[in-house]
Every structure is written in C-alpha cells, then in structure tokens.
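Paired with chain B in one complex and with chain C in the other, chain A is shared by the two complexes that follow.
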Partner chain A sequence: MMKFLFMMIFMIPLCFMKNMFWLVQMMLFFMMFLFMNLNLNIMCFFNMSYMFYCDIISFGLILLSIWICSLMIMAGESLFKLNFYFNFFLFNVIFLLIMLYLTFSVLNLLLFYFFFEASLIPTLLLIIGWGYQPERIQAGMYLLFYTLFGSLPLLMGIIYIFNDLNTMTIYFLKFFNMNMYLLYISMIFAFLVKMPMYFVHLWLPKAHVEAPVSGSMILAGIMLKLGGYGLLRVMIFLQEVNLKLNYIWIIISLVGGLFISMKCFCQVDMKSLIAYSSVAHMSMVIGGIMVMNYWGFIGSYILMISHGLCSSGMFCLANINYERLHSRSLYINSGMMNFMPSMSLWWFLLLSSNMAAPPSLNLLGEISLINSLVSWSNISMILLMMISFFSAGYSLYLYSYIQHGKYFQGLYSFYVWFISWVFIIIFALISFKYDNFKGWFYFYLILNKK
Partner chain B sequence: MIVSSLFRASRQSTAISTFARYNHEQKNPMIKTWNIMTKSNTRFSYPENTDIVIIGGGIIGAATAYWLKRRAGDGLSVVVIEKDFSYKQAQRHLQHGTLSQHFTLPENLFLSQFSAFFLRNIREHLGEDINVEYCPTGSLVLASNDYAQKLEETSSLLKEHGSPNELLSPKEINKKFPWINTADIKLGCMGVESEGTFNGWELHKGFVKKSKELGALYINAEVVGFDLEQQRDVLMEGVTPGAFERIMRVRYMTEENEEYGIKFAGCILTAGSDSSEIAKFAKVGTGDGMLMVPLPVEKRKHEVYSLEGNNTEIGLNTPMIMDTTGLWLQRKGLGKDFLGGYLPSLDQNDNLVDTEQYLKTTFLSSLMHRIPSCNNAQVQSHSSLYYDCTTYDNSGILGPHPYHNNLYIAAGFGQLGCQHAPGLGRALTELIIDSQFNTIDLTRLGFDRLLTDQPMMECNAY
Partner chain C sequence: MFFFILTNNNSNKMFFLFILFFSTLISISSNSWFGCWIGLEINLLSFIPLISNSKNLLSVETSLKYFLTQSLASINFLFMILIKFSLLKNFNMNNIISIMMNSSLLMKMGSAPFHFWFPNIVEGLSWMNNFMLMTWQKISPMILLSYYFNKNFLIFMIIMNLIIGSLGGLNQTSLRKLLAFSSINNLGWMIFSIMISENLWLFYFLIYSMMIFMMISLFFLMNMYFMNQLFINNMNFFIKLNLLINFLSLGGLPPFMGFMPKWIIINFLLINKFYFLTFIFMMTSLIIIYYYIRIIYSSFMFNYFKMKWVNLLMKNNMSLINLSSFISISSMILSTFIFM
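And then the complex of A and B:
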C-alpha cells in the first residue's frame, strides 16, 4: 500500500515538468492496473502495514478514485491546450488523489477524519480557480461550510472514542458497542451532510454545477462516497442506537429522494439535473446502510461504485455539449442527435444506467437496496417505487430533450474540439461494464457465502 | 502516435493567444482562490459566460431581454450590454411613439397588431405601475390621383388581415374634418382601430425594469470587438475549406476602461445605428464570400416640428394625418397644437438635411397647402431624432446572419422600431428557443434578402 502512496507522491514533481501532461495521465492508468491486481480477499482486511490496510470496500473505492482522477485529467485537456495553468491543475488532481487514497486506506479513525477534511481543499481550489461563473464563489463557500459544520461533531466523537476505548484502529471498532445517542448523532451527521441527505443537500447542486468538469466528476464520483464509506465504517459500533433511530434517517432520505426526483423534472440546466439525480441515488444508499442488513450494505456499496462511474460520465457528456454550444441550458442544447449521432449512443448508455436499466451495475445495486428496504418495512415499497419510476422519468426526459427535437439555430456545425473526450466516455463505460461483470460475480459469491 | 500528431495539429490554433489577454484570467488559480477567500470582495464581478448576449439595450434589445426571460426564466442567462444607461440618444424619439397599422407589408401589419394587443394589456405584462398613455386616435392616409388604386389595394389587404378601415371620398373627409384641404385628394383611408400614440419611453423603461426583475443582467459597457476562432474542420458553402471562423466572445470595455470578454451561445445585435460598426468587428462587410455584404444600417437625422398658436378648430378625434407629400401630422397633447415632420426618404441627401431653413420652408409650404388655416402658426423645431435606417430598402433586418449563425441581427427598423418592439422581441425569442417563427413569420425580413437582392419596400406615401 505504501508503494502506491510513494508512486503518487513522486508523480508530483512530474506534474511540473514540461510536456508531461499525458504521461501523468498514463501513469495513473498504470497505477490503477497495478492496484487492481492486488490479492483481493473479500472477508478480511488485507495488505496491512503500518497504518494502511485494504478491505473490499476500500479496495473498490480506491480503484474508483484512481480511475476517476485519471479521467479527470483527460477531461482537463482543454486547460492543457489553452495553457491555463495545467501544471497546477495536475498537482491539484494528484494531491486530491493522495488525500482520497489515504482516506480510504488508513487504519486510524483520526487520520481518516484528517484526510476526509483535507480532500476538501483541492476540491475548493478546483471550483474557484478553474470554474466559469461568478456564482462559483458562493458554491465553494456552501461546499466548504456545510461539510465543515457537519464534521466538527465528528471530530468530537472521535476524540471521545479514543478517550473511551484507547484505540483508534478501525478494525477493533467492531468489538465495541457505544450506546450513546449524542455520540451517534455527532458521528453520523458529517457523513449525512456529505452523502448528502435531503435536508442538508443544498451544497450539492451549487457545487456540482459551478465546478469545472473535472471538479464535477470528482465531486459526483468520489466525494459523495466518502460519506457512504464513513457511514459503513462507523455503523459497526453504533448498531444498537441505530436500531432505535434509523427510521428517522431512512424516512428523511427516502421521502427527500422522492421530492428531489420530482425536482429534477423542473431543471433547465443539464448539470443541475444530473446533480439532483445524484442526490436521489444517494438517498437510497443512505436508506440501505441505515437498515443494517447484509443486502443493504452490499447494495449501497455497489450503488456507490456504479453511481460514481455513471455520474462522472454524464458530467463529461454535459461538458462536451457545453464546450461546443457554450451553454448548459436545455433550451439551447436540443436536437443534438442531428449533430452528434455517435454521442447519442453514449448519452443513452449512461442515462439508461442512471435509471438502473439492465444490464448496468446500478440495477444490481438498486435491486439489492429495494430488497433490503422492503424487508425492513413494507411501506417503503411505495417510496422506492416512486423514486425508481421518477429516476427513469427524468433520465428519459434529459435524453429526449437533448437528443431529439429541433436544434438551436445558432449552431452551424460541430468541430472536433478535443478528441480525447471520446476516450473518456469509452473508458467510463467500459470500466462500468467490466465492473458489471465483476459485480455480478461478487454478488453471486456473497450470496453463496450467506 | 496518431493521437499525439492530432494534438499537435490542433495546438496550432490561433485562438490560444487571445485567451491570455484578459486581465482577470491571467491570475494563477491558487492566488485567485486565496484572494477570493481572504478579501471580502463586494465588487461586482463581470460575467464571463452567458447563454445570450444582447448588444444594445434600446427598445428592441430590452424587449428581447424581457421576452427571453419571460419565456425561459432561469433557463437562459441573458446579459444586455448597453453603453449609455441614460439613453440620451434614444429618449426623445421614443417619447412620441406612434402606432400605425397602415402598412403594405403584411409582416409590419402583424407586428403592429401585436403591439396594439400588447399595449392594451400592458399592465399584465409589465406590471401594475406602468403608464404608456396609449391613446388611440386613428390615422388618415391621403392619396392623390396617381396612387388611389394602390391605396384601395392596401385597404383591402388590411381588411383581409383583420385591420378594419374605411375608405373615404374627399367629400366625406371634408365633412368629418373640414379643416383639411381635399382639393388634390382622390381617396382617403381611415384606420378605425388601434392606431394612435403612446409613450415609447415609458414602454422602454417598463421593458428594462421587468427584464431586470426577471433576471436579465444589464452591463454598462461598450462593445469593442468580437473574438473569432478558426475552425478548420467546418465546411460551409461558399467558404474555402478550413477558413471558417466562428464568433467566440464579445469583448466590451467598461467605464473604468477595463476590457472584458464574455462567451455566449447566441448573440443578438440590436445596437440601432451603431450596428454596422459592431458587425464590422465580426468581419461582416470586410470579409469575402458571404461576408462581403455589409450591414447597411446608417444613422439618419429626422426633424420634428411643432406648430403652435394656430387657430384651426380641431376636435378630439383628430387622427394622425399622412399626406401625399410624405408629410405627417399628429396632434400634440389635447390642445390645438400639432407635431409634424417629413418621412425620411432613402436617398436623403445630408446636405439638404442640414439646412434647417430649407426644410422648414418646404414643411411650411406643404403644411399650408394641406391645412390652410395654419398660416399664422409658428413652426419651431421640436426635436431632431436619429433613426437607424436600412439604406437598402428602408425595412429592418431581423434574423441570423448567414455566415455567423450565432449572431442574430435586429436593426435598421427606423421609426418602426419603437412600435414594433414587442413583436420583434417575441420573434427573436422564438428564433432562439424554437428555431423558427411561431407567431409572426418574419423570414422575409432576414439578412438573406441582402444577398439574394430582394428588397422589401414599404410604401409609405401615396
């Protein structure tokens, strides 16, 4: 595990050398390949050394973060071409990757918190430094302060745990049971804000829309999953209180997911629609974790991975449209099938994955989640039915609005701006499908173990 | 290998050098972030990206901003760049706006009908506290012997399209308005609905206020250029392959002498008489092929005279009078005073315009011929108005430019700009959002008629 950390640290000087843009990106792909071939052990923590470890959840999320970071660099090619401080951009991305890698792989809860917060700084730099609109300043503020406000109680909780248990190792937490309401709320609030849950979700549409494409990809792809990962880890020793209080969070997130799905239909900005759909998916993830059954955990994990890939791909596509038409508005982006018919394929594949159509990995996650939530309470069937239905609705709405219809008259023809876009999308989808097979395989394995 | 060579090719694009020119983009993103986070920056920050840019905040520009925002709400971000927020040049001529429905081109007629509808329901559109003083007075068009036939045809055309009017013989005119000299008139046409006067300045203010309320951003700046970017793989008929240049950005200079650029999806040029200079920044008129044809909009001066102290007995129902000589008269206020002037003709010689005495005498002579009881009236110059006149055929140009598809031009309407503004704004909105005209079809007024040489002349004086 240290080997990857050192590899990333030594990529930093590489960012500042001349003509190294594509080399850095290729190195990240290379690292991804190396990481993928670690010996994977499903039921245990493996590769433990000093303060690092790897677990099936960490493994998947680190893989996802390396993948999305390399796609981010590909997406930032326009910065390279237009010579807009791409060295700092690369440095930012590598720094963010280091923080994320460390978040997912340290054994110490306090260090986890430290890197959890530290990953905010490069994100903020990305939004304010490379973003487009004047509203990005407010978006950055919202992102920063929502997350910081939520995570201060988390720090208090971690220090309390250390005082009580005299250990911070995540592995040992499963032996304890903290039966305290205040500790429970302070620990999970940070992750609920990060996920985000319905009432504390306001930062997400702002931050996702105002960020440049790379920022949006990393936000949707990984930053939301930090919350999910934290919840998965922290729930181990809070189970007793959770049994009493989980219905609050489940109800808020499921009903909130329903409202947000309906709000998706009102959006006129492409990125805004994709951002709100992220909230709707994450609401199901929260539900799945909170019910604390096995299928819930597995379903939320799978949905996190698949949503990370799918959402990042959609933000890429939205940016492809933006770079050519200079507008994110649905009024102007319509009838794209006349101009970019091959892009229709990618829009369709990603949007159909977004609505959890087979054979995407989202389907697997949603099926598991639906099963687990319905086993917890039959009434949640209604809410889940509505959320799934509306998610299909707005995905189709976005697709048909962008692709079909009359095209904007002010658009004569397209020009190939940067060709690497095609690669990004292809990679996003291929990994998706590869994960798909892996996912179904593991699902089968896990079921058998049960 | 192939990939890298492709990248090398696109790296030679010439637009890269222009990117670094703006002072707000030169800063290192880290430094930018630090500055923003540490200083409380309450200074207004100029937008760098928007969906629609409207160049020129005159009445057509403000009307377009209003209709775009009304139709799309937050879905389209609209920025209006106007160099003079006090509208000194436009103010006076807007003040006596006239609404006439007597047109030979059906497009103008439909636009007028829509304007009448809009003005009647203006409280619903623009808010409760607006008062455009819309006063329908009717209008009377007089035709001499030669053109009486044409007047009849126009009248039946108008009736067909829903604008009621009456044809009056000279005797009837004399009965209704005994103070008009009908000696050389064969026929008169009186419009009986919707035609009148209104306060165009209030309408303009109303548009600006309402569009600001709905979210349009008005910037006080002057447009100094466009950024063009070469796109080598776009093929257009009539353009050498590889030479197509697309407008990427509008560059504008604020009052503090800072230059900014704004990227857009669609740009609407409604700058009135300055439109042709601004179009030149986009190489309209200075390029080759389709860009050879310049935008033929020029500033023309137009004198309005006021007559005071005459003892003509005129009633409240005095219509606007269009004379056979191109003279127009309208009642000023509720008294006996008149406002009048000449219709500007296309091939107006500037030398003649400057000699005010000459115009006054011609004006006075035709006036006294038409209204004999005016002989002791004092003619004073009320105001000189500057209109944007399309020198090609005196009708406005509306529509996208054939080369620069994202540049929509709406200029050169002249006197009709004020009265047709609501309809023109709505037409531009339909072009942008629906890519076609939904309500009034104005395709014949597009820029293409300059290329295919099909003038759309409006017959104004019979």
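And then the complex of A and C:
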C-alpha cells in the first residue's frame, strides 16, 4: 500500500519537467493496473500495516479514483496544447490523487478527516484556476463553505470519540456503541452535505458547471463518493441511533431525488443536467446506506462506482461538444448526429448506462437498491418508481436533444475528430459485471492512442 | 538583519527594540505583581519611540492613541493590584477583582470588548510595527492573564473575541485592518489555550506568529496595504502561490500547518466538555476563512485581467519566502517525524 503512495509522491517532480505530460498520464494508468493486482478479499481488511489498510470498499474507490485521475489528465490535454499552467495542473491532479488515496486507505479516523478536508483544496484550485466563467468564484465559495460547514462538526465528533474510546482505528470501532443523538448528527452531516442530500445540494450544480472538464470529472467521479464512504465507515458505531432516525434522511433524499429528477427536465445547460442527475443518483445511494441491510450496502457501493464512471464520461462528452461549439446550451448543441455520428455511439452508451439500462453496472446497483428500499418500506416503491422513470426520461431527453433534430444554423465549422478513450469507461462498466477487474488490462491493449 | 528590518531601517531605534524585548521578560519573570506592572509600563514606553515617526502626522496621532489606551489599562491594572494586596487575603479567583485585572490586561492586548483602538492603530503603523504589535505585545499580557484569571469571565471574553474578530473583518478593504480582526479572533483561541496550559499557548502562539510573519513579510516586500493592490500588481506565480498557502494555513484548513494548533485546541476543548464553545470556535472560523479567501481571489484565478505595466520589483530575499511556504505545506508531515 505504501508503494503506491511513494509512486505518487515521486510523480510530483515529474510534473514539473518538460514534455512529461503524457508520461504522467501513462504512469497513472500503469499504477492502476498495479493496484488491481493486489490480493482482494471480500470479507475482511487486507494489506494492513501500521497506517494503511484495504477492504472491498476502499479497493474499489481507490481504483476508481486512480482511473478517473488518469482520465482527467487525458481530458485536460487542451491545457497542454494551449500552455496554460499545465505543470501546476498536473501537480494539482497528483496531489488530489494522493489525498484521495490516503482518504480511502488510512486506518485512523482523524487522518481520514484530515485527507478528506485536504482533498478540497486542489479541487477548489481546479475550479477557480482553470474554470472559464466569472461565476466560478461563487461556485468555489459554495463548494468550500457547504463542505466546511458540514465537516467542522465532524472534526468535533471524531475528537469526542477519541476522548471517549481512546482509539481512532476504524477497525476497532465496530466493538463500540456510541449512541448519542448529537454525536450522530455531527458525524453524518458532513457526509450528507458531501453526497449531496437534497436540502444541502446547492453547491453541486454550481461547482460542476463552473469547473473545467477535469474538475467536473473528479467532482462527479470521486468527491461525491467520499461522502458515501464516510457514511459506510461511521455507521458502524451509530447503528441504534441510525435505526431510529434513518427515515428522515431516506425520505428527504428520495423525495428530493424525485424533485431533482423533475428539475432535470428544465435544464438548458448540458453540464447542469448531468450535475442534477448526479444528485438524483446519489439520493438513491443515501437511501441504500441508511436502511442498513446488506442489499442496500452492496447496491449503494455498486451504484457509487458505476455512477462515478458514467458521470465522468458524460462530463467529458459534454466538454467535447463545448470545445467544438463553444456552448453548453441544448439549443445550440442539437443535431450532432449529422456531424459526429461516432460520438452518438458514446452518448448513447453512457446515457443508457445513466438510466440504468441493461447490461450496465448501474442496472445492478439500482436493482439492489430498489430491493433494499422496498424491503424497508413498501411505500418507497412509488418514489423509486418515479425516480427511475424520470432518470430514463431525462437521459433520453438529453440524448435526443443533442443528437437528433436539425442542427443549429449558426454553426460555422469545427473539428470533428475525437479522442477514443471514452470507450474504456463503457468496457469498464461491462467488465465489472464479470467480477474480474483484470479484464481491463485486455481492453487497454486495444486502446487507440494518438 | 532581522532586527534591522523591524526597526524600519533606522538603527537608532534598535535600542528601543532591545528594551521592548527586555520589558516583556521583566514582566513575565517577576515575583510580585508590581514587577509585572513595571514591565508593562516599560513595554509601553519603549514601543512608543518605535512607532513614532515625526515626518508623518498619522503616525504621531497613532502613537498618541496607543499611549492613551495602554496607559489607561496600566493605571487600571496597578489600581487593581493594590486593591488586591490590601483587601483580599485569599487566592480565590472568582471575584470582581480578578475580573477587573483581566479586563485591564485584555485592554492591553486589544481583545474584545476593549478592541476599538486596535484596528484604528494598525491602520497608522507600518507593516513591521504591526508585526510587533500583533505578536510580541501579546506575550506579557497573556502570561499575566494566566496567573490570576476568572474562568467564566474569560470564556465570555473568548466568545466575544471570536464573534467580533470574525464579523468585524467582513466589511474591510484595508489589509492591515483585516489582519487586525484576524488577530482579535486568534486572541480568542489563545486565551482559551492559556487557560489550559502555558505550554499549549506557547505552541499556538509560535505557530501563529510564524504564519503572521510570513504574510506580513510578503506584504511588506510587495508594499501592499489595500485589497485592490492585490489585483493591480503583476505578481509572479510563486508569490501568488505563497499568498494562497499562507492565508489558507492561517484559516486552519488541512493540510497546511495552521490546522495543527486549532486541532489541538479543539482536542482540549472537548476534553473539558466545552461543546457549545467549540461550535462557536468552528463557525467563526468559517467566517474568517471567507474573508481570507476574498483576499486571495487574485491568487486563485490564473486568468484575470492583469495590468502589465506595474512591475513588481522583488528584492533578492525570495528564498526565505519559498522556504517558509514549503514549511507551511509540509510541516504537518514533518511534525510527525518530531513527535513519533
């Protein structure tokens, strides 16, 4: 485990050398394949040392974060072409990857908090530094302050636990029961803001839209899953209070997910639509974690991974459109099938995964979540039905608005060639189903790189 | 070299600088309350020549205001010491005399609710004098505070410090006043730490003064006094990064060095079961971070409209600044080598 940390730390000097942009990205791919070859054991913590550990959730999320960071660098190649502080951009990406890697793999709850907060700083730098609209300042403020407002009580809760239990090791927390209401609220509020839950979701559309493509990818891909991971870790010693109070969070997130799905239909901005769909998917994840049964746990984990891959891919596709047409609006981006028919394949595959169509991984996650939520209460059937229906609705809406129809008459000319790396995401989605992460290696062999 | 900068390149004032350092030592290490009072008076007497500059009418007014407020506080302190000697035979700390003594010391420091002179005066001082005012001048009142304090009164003062320090800085554009309000806020953290232990206060104080020194030396070298100057200047990339890191560190965000003292103080707050107070500490910290980020907008954004004709002549002591920002980033990790 430490070997990956040192590999990432030693990539930092590499970011500042000349002509090393693609080398850094290749090394991140390489690191991902190395990481995949760790021994994976479903039922316990493995690879434990003094500070680090890995279990099934950490493994998947670290793999996802390394994957998305390497794709971020690929997506940010326009920064390299235009020579816009790409050295510092690489440093930001590697630093963010180190922080995320450490968040998911340290044994100490306080260190988890430390790296959880520390991953905010490079994200903020990415949004405000490389974003391209004046609203990004407000977006960065919203991101920082919503997250800090939630996570400072988390710090209080963690230190309270330390003073009470004299241990911070995540593994030992399952032997204790800290069932106090105030502690419960302070511990989970941070993760609910990060997820985001419906009432505290306002930072997400702003931050996702104003971020550059790399920032949007990492935000949608991993930063939301930090909240889910934290919830899964912290629930262990808060089980009884959670069983009393979980209906609040489930109802807020499910009804909120319904409202957000309906709001997706009103969006004009492509990225805004994808951002709101993230909130809707995450609302189901919150529901799945809060009901505290095994199907819910598995469903939320699978939905987190698949949503990370899917949303990142969609943001990248939206950016490909933006680079050509210089607009994210649905009125201008219409009839794209006339110009980039191969792109419509990727739009279709990713949007069908987004609406949880077979054979994507999202389907597995949503079916497990529907099972777990309906087993908790029959009435949630109505809400889940509506959320799934509307997610299919807005995915198709986005697809048909962008691809079909007549193109905007004001288009002049643009570059139709596109980068064919998005397909890896799709194959990843399919290959996950066969429970064999090593299948990715074979797809890398047929990667078409320029 | 460092002392030369502190006296604003006027070596006549080095004598007064020496007396200033000495007076604090007298005040801290005296056996009797009279010795403390003498140290405070000498402190006042030696700081006035440091800040007075007869060419500038504003600095004359500033030194007069400083003299008036500090001597008022000293007189109060002396009077309360005498009352304590003559009337009180026991060492009970929960009485009105301890409140009065603490109030006079709080006024010496510039803590709320006696803070009104503080932003006024920092507006009239140069950056290095501000540095002395914000760091060294706090030492002797703090330590004297720890000798005889009234816990309930001080907790109330801490809350007032935090709130005034955070809300007062929201409408400021002068960088000196912003740092003054942040200093008032940090006084709240420091007063709590000195109620726990002097060692803890020393830890917080050293890290705080190091961070303040890095920021003030950066502003001093760039000769910046107001927020709009941050946008006019054509700063090179490393200075911007340095500014960014220092302000985020002062706000207490991980992974920078400024997170460590706040974390340890929260630990002691929760050990002593001050739950609501901890919540106030956290939330005022958020407001402070808001106005720090307003200052560092110019370093966050890489493509704002820059004026290219303003060329920033940095003197050749950038290595100190680079070293200091390196320490800021990596000190959390380096500290694990010290403590383990």
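Please note the rule applied: the second predicted complex is superposed on the first by the 412 of 450 C-alpha atoms of A that agree within 3 Å, B and C clash if a C-alpha of one lies under 4 Å from a C-alpha of the other, contacts with A are read in each partner's own complex, and residues count from 1 in each chain.
In this text, a contact is a pair of C-beta atoms (placed from the backbone, for glycine too) under 8 Å apart; a residue touches a chain by one contact, two chains touch by 3 or more.
This is a predicted model, so every value here is computed, not measured.
Under the clash rule set out above, the superposition-derived model of chain A with chain B and chain C contains a clash between the two partners.
Look at A:Phe114: by the touch rule set out above, it reaches chain C but stays clear of chain B. Legend: residue contacts after superposition of the two complexes on their common chain; A:Leu243 is shown touching neither chain B nor chain C. Looking at the shared chain after the overlay, A:Leu345 reaches neither chain B nor chain C. Of the two partner chains placed by superposition, chain B and chain C are both touched by A:Leu124. Within the superposed three-chain model, A:Leu155 lies in touch with chain C and out of touch with chain B [touch as defined at top]. Contact with neither chain B nor chain C is seen for A:Leu23 once the two complexes are overlaid on the shared chain. Legend: residue contacts after superposition of the two complexes on their common chain; A:Phe408 is shown touching chain B, with no touch to chain C. When both complexes are overlaid on chain A, the residue A:Cys44 reaches neither chain B nor chain C.
By the touch criterion stated above, A:Ile382 is placed in contact with neither chain B nor chain C. With the complexes overlaid on chain A C-alpha atoms, the stretch of chain C that clashes with chain B is 296-304, out of 188-196, 296-304 or 314-322.
On chain A, the surface patch touched by chain B in one complex and by chain C in the other comprises residues 84-85, 88, 124-125, 128-130, 137, 140.
Every residue of chain A that touches chain C in the complex is listed here, in rising order: 84-85, 88, 99, 113-115, 117-118, 120-121, 124-125, 128-130, 136-137, 140-141, 144-145, 148-149, 152-153, 155-156, 159-160, 162-163, 182.
Only residues 22, 81-85, 88-89, 124-125, 128-130, 132-134, 137, 140, 268-269, 325-327, 329-332, 406-416, 418-420 of chain A touch chain B when the two sit together in their complex. Within the complex, the chain B residues that touch chain A are 3-4, 6-7, 10-11, 13, 16, 19-20, 25, 28-30, 32-33, 36-37, 41, 45-49, 51, 72-77, 231-236, 246, 248, 263-266, 400, 405-408, 431-436. Chain C meets chain A in the complex at residues 237, 248, 253-255, 259, 263, 266-267, 270-271, 275, 278-279, 282-283, 285-286, 289-290, 293, 297, 300-303, 332.
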